[in-house]
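Common to both upcoming complexes is subunit A, partnered first by subunit B, then by subunit C.
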Partner chain A sequence: MGNALINVPGTVKRGEAFEIKALISHPMETGFRAGTNGTLIPRNIIQRFTCTYNGVEVFNLVLSPAIAANPFIAFFTVATESGKLVLRWTGDDGFSAEETAPITVTS
Partner chain B sequence: MSKTLIAVLCVGSTIGVSIALAQRADTRRSGYQDMSKSVQSMQDDDTANPAMLWVRDGAALWTRRVGAADKACADCHGGVESMADVAARYPAFDAGLGRPVDLEQRINLCRRDHQQAEALAGESRDLLALTAYVARQSRGKPIAPSDDPRLRPSIDAGAALFKQRQGQLNLSCAQCHDDNDSRKLGSATIPQGHPTAYPIYRLEWQGLGSLKRRLRNCLVGMRAEPYAYDSPEYVQLELFLMQRARGMPLESPGVRP
Partner chain C sequence: MTSRRRFLASTAAAAAAAVLAPHVASAQAAAARVVVVGGGFAGTTCARTLRKLDPALSVTLVEANADFVACPFSNEVIAGLRDLKQQQFGYTTLARDGVTLAHSSATAVDPGGRTVTLENGTRLSFDRLVLAPGIDLRWDGLPGYTQDAAERMPHAWKAGAQTLLLRRQLEAMDDGGVVVMSAPANPFRCPPGPYERASLIAYYLKTKKPKSKLILLDAKDAFSKQRLFQSAWAALYPGLLEWVGLSAGGKVTSVEPSSLTFITDFARHKAAVANVIPPQKAARIAELAGVADRTGWCPVDPSTFESTLQSGIHVIGDAAIMGAMPKSAFAANAQAKACAAAVVARLAGQGVAEPRLINTCYSLVAPDYGISVAGVYRPTNGQLADIAGAGGVSPLDADAAFRAQEALYAQGWFKTITAEVFG
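Take a look at the complex of A and B:
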């Protein structure tokens, strides 16, 4: 159900830092805004972003209502062996999105 | 002999000077050049440019069959490469309607006539997505408005509107974007107002929007009554702005603060 753009290098050097960039389509409705009829628009945000590599969590982020729509997340990590990177976003209203990318490590 | 040579040299240098002047005379700046480095790099990187989320939606819509005719855009147009240059030359004259139409209106005409589907609402996600996907094909191409003589009255009307004072602040577009561009309005730099990157992802909007939405923003800022959504004034202004930006490279879909 998610629409995400990710930028992960396909091959990286062993032990060398590389950047992971992820952009996802999401309204990030704060829950503090009133609609045209004066009632509050219910909060609808991504609550958590996690990145696992071969099943091991390497990065996670707790998102707050103050973060803008379509959040862009970028961070660095290192890899010592080839494997599968899994990026997962979960949030209000049962929101869940997942993207995977294989990474080959060269020495 | 020597006089002829001098005359030739003079003519030569005059041409040289006029070329130099012509180059120097082009002081047009895209809003891109006035943005911070970080917003510029956001636009330049397709995996950081949020407008690309709409482009991706547009790619899916391009091949989705809709309407009573059960046709997709791709069934008539083929690959989206056939849309190269389209955004750089629109708005164009529509003979059936007898008036110029912008890219969004053209997409809706296609839906009505060829797909026999409901028109997409103005500023809806699907319409913006298709527009962004089509406009993306013209990225880097110079703006090349059509020379169709039937457009002339609308271009002239747009030029007049651009200079027309309106609203409670009694301002015209030209007073900001021609006379005071590159200066500050509050903390923001006043751009020259070239439509080089539409549809744009505006950080203030946290979403994608068309030139029409931007023009409505300006009108509200001038405390003028925005024209109705389907009124011809927007197309007239767009026609004039495209003439004014002729030759500038298209950046669509862009990012703006």
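Take a look at the complex of A and C:
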């Protein structure tokens, strides 16, 4: 499961801020709700989102049970050299998803 | 008689006499005046019902247009299956019920002074005001989508010239062209409307331009009659109609009218024909009257439809927040009748019985394929809430004969409601 959309510019100017947008399909179960049989439904959320660039972590988020289903994440960063951007989502029940995008830096 | 009118009457006569003989005082007073703004399904129904319930009332309906153009079935006009004339209704029959028609638009409301000012300069006094103004499109709600843009990317969400514009654009499109539609987040007029429209445009493409495709970009992941629509699309329009929900990146964040392009956070969709169903709000007069809240819609008491923001002003139809009850013609008609009864009761100083309201919405997925949803609503905690177990939707596994029957019922419903409201 886990179906992610990302929007990362292929080419950016050196040192200029650019936006990264990511949307992943994922349920949101708080862990506080009881099912029809009276037992708690296990928590099922994305716990952590990370963005690495050429292997270095540049951005991360720790998510809690109030996060929306299908969380949409957008943030700005700058790049000084060309490289590979890796977006990674991890969550309950061993959930993991990854998307990569190459970025070319021009001067 | 309202308590206020009774008070005025009692000060005019001797106070003791009014208390001892209120019937004499009310018989001598002028007829109570009700002004209804908006001649759609809600307003027209309400004006006529008011006069039927109390023929002594003075009822004025304010409507600027000479003819009403009905939205239900206008998606069939877009798909070339129906003539716009079949959507048009006049107001000539209102006189028969003793409703006075003011052919103008309301430009101001003074809630304290209890007057409505019209564009033609007339000022109407009221004891109770019913606002049924319908919707305005939010021209600030979708970047790039202006009134000028609507000439290139029609909304067709108010039936009439826009309906025909979208139809002409579809007719002029080459076979192989991509039609792109966008649907807004809730709430908006006619919740199943975008999906019926996508279905009927897909029907047009399938029968007339089979190399074409339709993409429906949606700001939501869930919509009215979703399973019924989606199973019908899979059966009738596979590969032709593509629905892109919020979690698949369907939310349109801006449009570019010059290139007929829809922009989402993740993609650009260039259209040959573009239909933008933009975000909406209660029509401007509701805001001017002080009955719209920050959401742009009008909160009301669910039993009387009286505004919770201004006493003496009722709001019905698409402009109001009705809790679980959708913005539909059927709902507007039901609310209008309950509102008329509440207005008459209030004018007589009586209590208002808690209403039960019914809504039914038919949608056509193809000309001979109808589906429906019905609901029954009651006031609960200040809102209209769905009565669990009442109503329901068409079965998911019905056969073609059942769908054809529902398409006939849809036609029958339209004939019945328009005959009742405008006939």
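Rule of thumb we're sticking to: the second predicted complex is superposed on the first by the 106 of 107 C-alpha atoms of A that agree within 3 Å, B and C clash if a C-alpha of one lies under 4 Å from a C-alpha of the other, contacts with A are read in each partner's own complex, and residues count from 1 in each chain.
By our rule, a contact is a pair of C-beta atoms (placed from the backbone, for glycine too) under 8 Å apart; a residue touches a chain by one contact, two chains touch by 3 or more.
Please read all numbers here as calculations on a predicted model, not as lab measurements.
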item	value
Overlay on subunit A: subunit C relative to subunit B, clash or fit	clash
First, second, both or neither for A:Ala34, with subunit B first and subunit C second	neither
Partner chain(s) touched by A:Val62 [first = subunit B, second = subunit C, both, neither]	neither
Listed stretches 21-29, 273-281 or 345-353 of subunit C, narrowed to the one that overlaps subunit B	273-281
Overlap of the subunit B and subunit C footprints on subunit A, listed as residue numbers	3, 5-7, 21, 23, 25, 69-70, 72, 74
Subunit C to subunit A touching residues, read off their complex	221, 246-249, 265-266
Residues of subunit A that touch subunit B when the two form their complex	3, 5-7, 21, 23-25, 28, 68-70, 72, 74
Residue ranges of subunit B in contact with subunit A within the complex	42, 45-48, 50, 52-53, 56-57, 203, 206-207
Subunit A residues touching subunit C - in the complex, by the definition given at the top	3, 5-7, 21, 23, 25, 69-70, 72, 74
